[in-house]
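Two complexes follow with subunit A in common, the first pairing it with subunit B and the second with subunit C.
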Partner chain A sequence: MSAADNIATILSSGARLTVPLAFAACGEYVAQRAGTLNISVEAMMLGAAFGSIAVASATGSATIGLAAGALVGVAVAFVHGNLSHRVQINTFVVGLVLNALVLGLTSYLITVSTFTGHQVWQVSVPVLRDIPIVGPMLFVQRWPVYLLLAVIPLTWWLVQRSRWGLELRAVGENPQAADVSGIHVNRRRRQALLWCGLLAGLGGAYLAVGEVGSFNQNMTAGRGYLVIAAVIFGAWRLGRTLVGCVVFGLADAMRLALPALGVTMNSQLLIAAPYLLALLAMLVFATAHREPRALAQPFQRGTT
Partner chain B sequence: MNVDDQLTPALTLRGVSKRYGPVVACDAVDLAVRPGEIHGLLGENGAGKSTLMKILLGLVHRDTGTILRGTEPIEIDSPQVAADLGLGMVHQHFSLIEPLTVWENVILGDTGRVDRAAACAQVEQVAQRYGLPIDPLARVDRLSAGERQRVELIKCLRRDPSVLILDEPTSVLTQAESAELFTVLRRVVQAENRAVILISHKLAEIMAATDRVTVLRRGAVAFHGTTADTTAQELARQMVGRDVSLRAEGAALGLLPVEPQSPAGAPPSTDPAGAAPAADPTTPAALRLRGVTLRVGGLPVLDDLHLDVAPGEIVGLYGVEGNGQATLGELLSGLLVPDEGAVEVGGRPVELTRPGTLHEAGLGIVPEDRHHSGVVLDMSVAENLVMKSLAGVCTRGVLSRRRMHRIARRQMAEFNIVAPSPDTPLRSLSGGNQQRVVLARELSAGPKALVAAQPTHGLDVGAIEDMYVRLRQAAAEGVAVLLISTELEEVMALADRIAVISSGRIVGVLPTAEATAERLGMLVGGVAH
Partner chain C sequence: MAAATTVAAPPTGPSGPDATGRRLLRRLNPGVGGWQVAAATAATVAVALALSALLISVTGGSPTASAKAMYQGSMASPAAWTTSLLYVAPLLLVAVGACVSARSGFFNIGQEGQVLIGALFGAWAGLRLALPGPLLVVSVLAAAAVGAGAWAGLSALMYRFRGVNVVVSTMLMTFLAQQLVSFAVNTPWLLQESRLGRGTLSPQSNPLPEGARISSLGEYPNLQINGGLVLAIVVAVVFSLALARTRWGFRLTMTGLSPAAARHAGVRVGALGGMALAISGGLAGLAGALLLASPVGTNRLQPGMSLNIGWDGLLVALVARNNPLLAIPVAVLFGVLRAGGSFLAATGVPPFLVDVVKALLVLAFVAPPVVIGMLRKRRRAGEPATTTPATDPAVSKQDAMEGSLA
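Let's turn to the complex of A and B:
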């Protein structure tokens, strides 16, 4: 293979590996702007990955599977939102429990079920796909990738331009002030989590019915945590968050490509590479930036 | 005062009560506010003003009583309902979202589509009508306190409230900004027949700006009447009860409980011989600030601050709130590190970048906000008392409860801390007793110097007297006391010398004997230097 081919392969695979992260990051960005440091994004993605394959296998349609995966994400978000922003259980405890629960549950269920593989169809744009290096990356992808291209501006518009987004940002910055202005703080936070669940679900489902075509145990392998890191790395701005996702996606692609390129490295060490990168990125970029002031602070009326 | 019935009040409260456990915050409060008047609500900290306000705003639910708007009874369940009923509140501290722009803040809580152009136009229109110039596109965190208040007012007035409630509106404003605010309020009541409730603990402001006044004392209405028919002295008496206010009049009337000790005959510092060799015999200061400078966002909050406090001396640091006192208090608590300058305790510079060094060097601190950095509310009295000197109650890392209790009992007796047992959680003690715990801990460590920042804020009269006695006693025993206070009378009553702080600088130091309210007022206002 030529060097250009190698680069094209890595870019293309990096783009594919970025997609699940970017979906989930759009969701996590919204949740964090509303003040929820949502760590159950891992559970949302993993549950969605399993759910999408299960439903795809049952219905024979990968697209229905993808939708089902998104719903699983919403279900996890519903549980999380009500436990931490209605019953007021510590959001980290809820997130940790959900992550462990979904990991255990899917690991068990996959051993007792047999699923047939399904994958959503691929879109391949003639002519444009033949552009050297970036052609395959941009124009030969499965269709949810193009959905992602719509989700990103929609997320930005919702947060920055809609009233819902304005109230969301207010809630994440100063819930007491939002409350006296007549905004239902915990309801907004639950809604933000549901949006997060929907998108993290799409991301997780894409991993299964988009990328791989099947489900295996702990398939997300901590990608949810990378998404959290990307939002922090991105200083709670959508554009920079997505840049973070691309960096992590490319790191993942390098990991997969290096053996093929003849570089031998300990494979466990390679698996750790994106996380090491996340840690370094946060060290460099995150300290200088201001997080939403009420991030991870619960709200109850009457306490000021 | 039978003038209440001439007009249907805009808002009437009848027998409104609210209890928090055993504490009665509001006790059968009656209040009638008429359209076209500014109604003053006066009371000390903890008199029930803020609870009453929260009830009107739907943040707290009353236990008993009725609230009428006009003649119709209303239930205020949430802030949204309060706004819909035409009750608008100008909050001083917590209703603007700093990273948002002015127009975004103003439309927060509305419904419907966000229309930036329309919102900006509305902001400008309201701004123009009331003479409150503001840039709708400015981010709130870039605005001054006075400008933020304009935004609050615009946000509130845009919703066309029939009753406008202002909570301590001038606490962070300059004199000019306060005057501007009252001009706007006058226009709001006279031209538009709205009712205004002005909550304040400042007598002068109530006298100058209100038409009628209601005084709250311990949750109950102590007085109400027409402002023009009463005097500041009368209101002060009603505000604090039968006791004459220490803060307002005590010093002037010579009613202080203990004669001030002369610092001249005070014994020298009590630190063990040899522990603190005097670095320089000409500088006997136990606490010395040398060129302390601290900048926040490039602006100096403390600006080349120099101050000496000698053993046995009480120096009062007096100034209007927000001139760097809070920052200095945090710095002397070890919570902030100055950009430049040094703090010396007992003649030795203290390394400020490590925690606990100020305490080790012999500096005690009674912080301004004891809940923030003075005590741990959910730990016991005993634990709070030994917290800074655990070496005395530990053997190889194991706590001795017996020794802890013995120390706690002794300090509780010595400092009159009223608590059922040393194991009582500090949270259940009164503010005065919590403050005694802080003072007991700091003084029991045998400090060379003690910093007392707003030590009597929110305390009742008895606890204030006790605090004064203790501070004088500490000075008499040779401790250098730095009293940071915004209460002129407190500084005049306690201090030997008064240093005036303005914009983070010491602008003058006077012996208390030479300090008159007028001279200090001129220094505070930056007139004389």
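Let's turn to the complex of A and C:
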């Protein structure tokens, strides 16, 4: 294979590894802007991956499976939102428990049941796909990838241009002030979580019915934490968060591709790179105070 | 912030500010004990167990057979208890550390990584130091505690100097720790096993020498109590006393409940929280040393050797509501579930079932006090409570009692 072919292979595999991260990162970005440091995004993705394959196997349609996966993500978000922004259980506690619960539940169910594999159809644009290097990456993908291209601007518009998004950001920055001006803080946070669940669910479902075509135990393998790292790396801006997703996806693609190309590189460093980069980004940009000021702080009326 | 001004009075003597502070603590954290919480917890635990049983039946298993298998694997014989107790010790150590950090408000969720770092440092000491007899075991434990404590301390430094959120940094560093250990056992000049003959090298260290392992304290026909369990219980009692009876513990709790009030009272919040983080990391590291040096595993450093003890220990602390003494029975429960789970696998039921039961139980224990506390607070604030009948004589009586205390 020529060097250009190798690069094209890595780029296109990097793009495929980026897509589930980018879906979930759009959601996690919204949740964090509203002040929830949502670690159950892992549970949302994993549950959605399982749900999508189970439903696709039952109905025979990968597209219905994808939708079902998104609904599973919303269901996890609903539970999380009510437990941490209605009942006021510590959000990390809820997240950890949900992650453990979904991991245990899906691992248990996949060993006691069998599903047939399903995959959503692939879009392959004639002519354009023959562009060297970037052609396969951009024009031979499964259709949810093009849905992602709609989700990104929609998320940006929701957060930055809609009234709902303005209130959402107020809730994440200064919940007391938002409360005084008549915004229902915890309701906004629950809504942000639902949006996060929908997108993380799409990301997880894409992993199962889009990328792999089946479900295996602990299929997301910490991708949810990678998504959190991407939002932190992106300093709570949507564009930079997505750049983070691309960088992390490419690092993963390189880790998988380099041994086959005969290049030896420290695989541990490549796996750790996303977390290291997120940590470094926080250390370097910390003084800029870019994180939502009320991030991970619960809100209850009458307490300061 | 009326409460803060009470504390801001200049400290006059050991009794003055402390007495004020104790009243303050009570107001900030009104006790939500009592029979209501107990009754509600019993109900939610029953629901959790019923849900688990339902899950087993739906998937074609027998709940009673599974329960029996779990009992046999964890409690039915002295040998089964030996297995359970081997898990209890590291779980308890992690949980005590989690109690300390959670009470200080510097919430550490990176125990899983700190356990691994502890095992890494412990393995280095056990394999590289040539020390006689008991000194070697002590150095393994000390290296693990110091190494993991320093690892967690990095998060405290990042918070102190760059304002990096502690939860975020401890979480991210878990994944760094995993790769660090993986690197160490994949690198011949670090800790990878030495070559014997022509076999391929596995990603693991050499087994710890006999002298570096933690042995059992006596055998009571088949029941073996590992030295690690004794260590863990001593640690739990010591920290329970320190939190409840010393000035340090009082300041720690005050910092956790209201950092602003603590700062007004002259507490160096950053230093105190940093120390709490280092302690909780150090105790997680000790747990890692136990996983390495007690007969729970293979006595080798391996990337997967933490066995999720870090995450589970955190859950133990949550269920025990950050009380180190209460963590002892909860850790026993979690140890029993673990031992039962591995026995369950032998009877054909996937061991993952135990994770489901565990997560449901955690929710069942954690939710009732929070819900009841919230309902009481809402009632006190004069808002209509929506979910419980307003004419519950027991509730109003309890409320009146608390009102008089505050």
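Couple of notes before you dig in:
The working rule: the second predicted complex is superposed on the first by the 277 of 304 C-alpha atoms of A that agree within 3 Å, B and C clash if a C-alpha of one lies under 4 Å from a C-alpha of the other, contacts with A are read in each partner's own complex, and residues count from 1 in each chain.
Definition applied: a contact is a pair of C-beta atoms (placed from the backbone, for glycine too) under 8 Å apart; a residue touches a chain by one contact, two chains touch by 3 or more.
Here the structure is a predicted model, which means the values were calculated and not measured.
Once the two complexes are overlaid on the shared chain, A:Phe78 sits clear of subunit B and of subunit C alike. Using the contact criterion defined above for the overlaid structures, shared-chain residue A:Trp143 touches neither subunit B nor subunit C, since it reaches no partner.
With both structures placed on the common chain, the touch criterion links A:Gln176 to subunit B but leaves subunit C unconnected. If you count the residues of subunit A touched by subunit B and by subunit C, you find the higher number for C.
By the touch criterion stated above, A:Leu166 is placed in contact with subunit B alone, subunit C being left untouched.
When the two structures are aligned on the shared chain, A:Trp156 is found in touch with neither subunit B nor subunit C. Applying the stated touch rule to the two superposed structures, the overlap between the subunit B and subunit C interfaces on subunit A comprises residues 302, 304.
Across the interface of their complex, subunit A is touched by residues 1, 55, 59-61, 107, 109, 158, 162-165, 167-169, 171-173, 175-176, 178-180, 182-183, 186, 311, 314-315, 318, 350, 352-356, 358-360, 362-363, 366-367, 370-371, 374, 381 of subunit C. If you check the complex, the residues on subunit A that touch subunit B are 161-163, 166-167, 169-170, 173-174, 176-183, 290, 293, 301-302, 304. Remark: subunit B residues 54, 57, 59-60, 78-80, 83, 89, 91, 94-100, 104, 107-114 touch subunit A in the complex.
Interface residues of subunit A facing subunit C in the complex, by the touch rule stated above, are 37, 39, 83, 87-89, 92-93, 96-98, 100-101, 103-105, 107-109, 111-113, 217, 222, 225, 228-229, 232, 266, 268-269, 271-272, 275-276, 278-279, 282-283, 286-287, 289, 291, 295-296, 302, 304.
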